[in-house]
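These are the structures in question, set out in turn.
Both complexes shown next keep chain A, but they swap its partner, so chain B is in the first and chain C is in the second.
Here is the complex of A and B:
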């Protein structure tokens, strides 16, 4: 009884991983160039920012909050990195300050949500506008592009001797850390408790406010890291970097089986979802399928990921009720 | 069973005080201060031409906010409005290009019909498919936009392709008030009355306040949710036709990102995203406030690249103040009823 949600969750993750395998197979049948190291390398580096931010977004949504400002934090941090570099600041210091700005932006979100008790949807719509505006205030419509190859190599380079993009290695490390933190530490369990029933979590002695504040800071910090990756990968700092990315991240998280109402979801599911979208996109592009079809497929997958299990559950319930009714028909009723 | 406390009838409040206490009053006050101080610094802000531009800019957002209000009242959300608007704007333009002799009202009806159809998809998913509104409408935001791109294929509709009857409507006005604005105001008034005085209208509040209670009170919750999404889609469809009228040029990206502006306007206007609270008038004032902030910054010659940041900060401030005030008045109300 108690492990029923766990079972359905595993079911969805298994289905996602199956879909990823199917997409890989379909892609290789669709085009010869699909299953080559170069293409897979290209594929995975294209989705690395979404994948990175999706990790912390998973934690935020499991705790029944949302952060719509992530893409604007990417833009703002990218702009800051560009301004600092153009002003002659040493790169390590510039990177550090960029991360600090991201964490500060997350702290503002978290402070407004936990101290003023504002809904995170409203707060982060506001900061979505504010941070993007600050990005323009910092950099205007200029672009800073003269980053040294030593650093941009970290963005689009690969691990020596392999075709694995360096950012993907960073993502893999962060994904393991996130998965362990979520699934095997008291902090992670607290997120599920808060997301499932905040009042009960509070009465159980969990420090709900502080936990949420930490979450938003982590979300901001991760967005700043994604901004650094983005800036180096394209070797370009612009105020409009990553516009609209927040919806792609949220779509991936929800497709990964995280409940928008909180309390349910796993890192594995979200990673599978990110790669599923990336693989389909790549395969369709190779097969010269227009990009708009991908948009439609993403949307449909997102809807079906929730609609499918719901309809299945309803069919099952109807069948059980019918079986129950026919079983009791002969009884004394 | 515990004893019932007799329901206390609230003391009669004079109408004037009641008006002053309303949420809309504080918003109007902020608006008035903003307009007057901007006008004092730059008198041209209140010129006929600048007011006309402002009204036209706000009108489309204010229209979409009406439908969004219906959905937000029920504790749902409709993110797909921007894609519905984009799709109907292009399709109604394409209709004109294909049949230039088509009567204008028919194209309006087509826009509203397409919007209602798209809204029905959302409504069915949310009400009967039990897909959370945020997930369903984020999904259809992608799907509808994808369909838009697939149909448009990189082309666009330009003002010169539109028949003169439609252009006449787009640029026409009575006593200096553009038809577009009058149409939007009419829709707002109709829906204000609908929400305020009709049983069906009150049901949106009931559903958003407490679904269980609404169901027990005999409200067909599913049907009400479906209707809300259909209306939101239909209104976004109408907004698509107005978008075509206002801008003349429509490509596949028309209206992208509008959904967040619309929700921001509703939230600033006192429509609670937690459901059950808000009015069309408030949401409209919210849209107006955001529009006025935007054009006041231009009129005050705020540095161009700072405008969006200032607008964002003010939006955040408005949301914070509004929610904190609402909570305070709710607490005051609670204390009064306990006394």
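Here is the complex of A and C:
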């Protein structure tokens, strides 16, 4: 009984990892420049913001909540970073304040969800608009671009002597921390319990409200970090940075096998999904496949992500029912 | 890929005479256009011109790009074009700054970078093919309106946002131009701002007519503004009595030109813009020019062009669209 969800999960993850391998193979056949260090470096740095936010989004969705305001927090934090830098604030302080703003934005989300008992879907649709509006209030339609190369290199550059983008290293570290926190700590187990059955979790003494508040703060904080990466990577602080990114993040999380109803999912599946989407898009772009087709492919992948685990579950249920039926029949005979 | 090159080579052989006319540009130069947005009629038209030029010098061209005009979407395309080892990238930048580090990297790897329509910081490209100078754009619009209102009467400007760089530069030229003696009977009474928002521009136009009943003409140097203003005028008693001109696209303005609301308006010809950009890219790749001020190159039917200050090449005067020619354009 307890073993089954784990097994299906591994099944979906294995399938995803297989698909990633297949996509890598397909990409190298499509274009000879695909499997070059430079291209793989571009590929991974293109998806780093999505990958970063997907980590905390995984936690949020496993706890049966959602945060749609992440891309707007990126925009707002990017705008703040731009305003602070333009006003002559020292970079370390500006970065710190940017992270504080992200955490505060997440706290507002979490407070509205937990203290007022509002659904996170509604709350974060609201703050999606609110935070983007604040981004424009902060920076207008200006762009701040004169960040010093010392800092933009952190977003744009690679680890000396390799072609590994620096932000990807940060992502790897954060991914390990998230995976450990989710899969090997009481905090992680609490998330699964809350997502699977909130009432039961409450009765077993879990501090549901507090856990959720922490999740939203983490989500805001991660979005602020992604905002810093984004701003440095494009050397451009703008209020419209990362518009629509929340959909790419949620797409990756769902494709990664995290149940939209909570209680199920893993970090490795989500990471595989982020890279699968990134690899497919990169390979098709290299092969000059038009953008419309790319969008269609991404859409189909998403449908597959909802359909795949569901179909698997249904097939299994039918099989079990049959097995059960034949077993009882056998007993009667 | 190889097959396509062969076909093109064969084509080039049969068109030997044409190819010989483009002396100095080797065959098979790969040029990629990267507009702000694909499936946008303006950029599709520019690409039509770019493609025509590439055909003339037997190059291999293509257009790629994002379907949203987001600031960062173009970056992954630049990286892809770099991986594909294209010889030249012709780009209209969605963000003046975000592309620069990536374009710089492309340039370091020997790729020639030409911007068209929308520039980046000068150190991020070799050349910028500009649609027209601010002087021309401002002056031509005043001239156009003056003719339509017989050089006399109150006029107004319906601009985009109060801090729009382009529009403000043009309006300043207009104000200077109006000081000339031939315009002494024309008076600029108001500069209104429609924020490049269709509804706001519409109501601003309405407000202008209420506040200045003697208004004779309006210049709207923005495609959003001029079409909203034309829509208001065409359904008002001022239709045909108040002149409206400015910068618009033929597709937006066609019905208003045909129903007599607008006599004529202006814009650069995006097809020629793309055409010139292709030749500029080919001239860079073939080493005829390096991007320095004063260098010259041949641009097919557009004749010889000279590189101006900061690596800017100017396409030339605006094209005026009126009843006589509007049906020849589709963008």
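By our rule, the second predicted complex is superposed on the first by the 310 of 333 C-alpha atoms of A that agree within 3 Å, B and C clash if a C-alpha of one lies under 4 Å from a C-alpha of the other, contacts with A are read in each partner's own complex, and residues count from 1 in each chain.
In this text, a residue touches a chain if its C-beta (ideal position, glycine included) is under 8 Å from a C-beta of that chain, and two chains touch if they have at least 3 such contacts.
Given the structure is predicted, the values throughout are model-derived calculations rather than measurements.
When both complexes are overlaid on chain A, the residue A:290 reaches chain B and chain C alike. Contact with chain C, but none with chain B, is seen for A:42 once the two complexes are overlaid on the shared chain. In the superposition on chain A, contact of A:302 is made with chain B only, not with chain C.
Comparing chain B with chain C, more residues of chain A are touched by B.
Touch criterion not met for A:86: it reaches neither chain B nor chain C.
When both complexes are overlaid on chain A, the residue A:127 reaches chain B alone and has no touch with chain C. By the touch criterion stated above, A:247 is placed in contact with chain B alone, chain C being left untouched.
Of the two partner chains placed by the overlay, only chain C lies in contact with A:31; chain B stays clear of it. By the document's definition of touching, of the two partners only chain C reaches A:235; chain B does not.
The contact surfaces that chain B and chain C form on chain A in the two complexes overlap at residues 140-141, 244, 290-292, 295. Chain A meets chain C in the complex at residues 31, 33-34, 36, 38-39, 42, 46, 140-141, 143, 145, 152, 156, 230, 234-236, 238, 240-244, 282, 285-286, 288, 290-292, 295. For chain C in complex with chain A, the residues that touch the partner chain are 38-39, 62, 64-68, 70-72, 75-77, 79-80, 82-85, 95-98, 100-101, 161, 163. Contact residues on chain A toward chain B in their complex (touch as defined above): 68, 112, 116-119, 121-123, 125-134, 136-137, 140-141, 244, 247, 250-251, 254, 260-261, 290-296, 298-300, 302-303, 306-307, 310-311. Of all the residues in chain B, the ones that touch chain A in their complex are 125, 129-132, 134-136, 138-150, 256-257, 260, 263-264, 267, 273-274, 303, 305-313, 315-316, 319-320, 323-324, 327.
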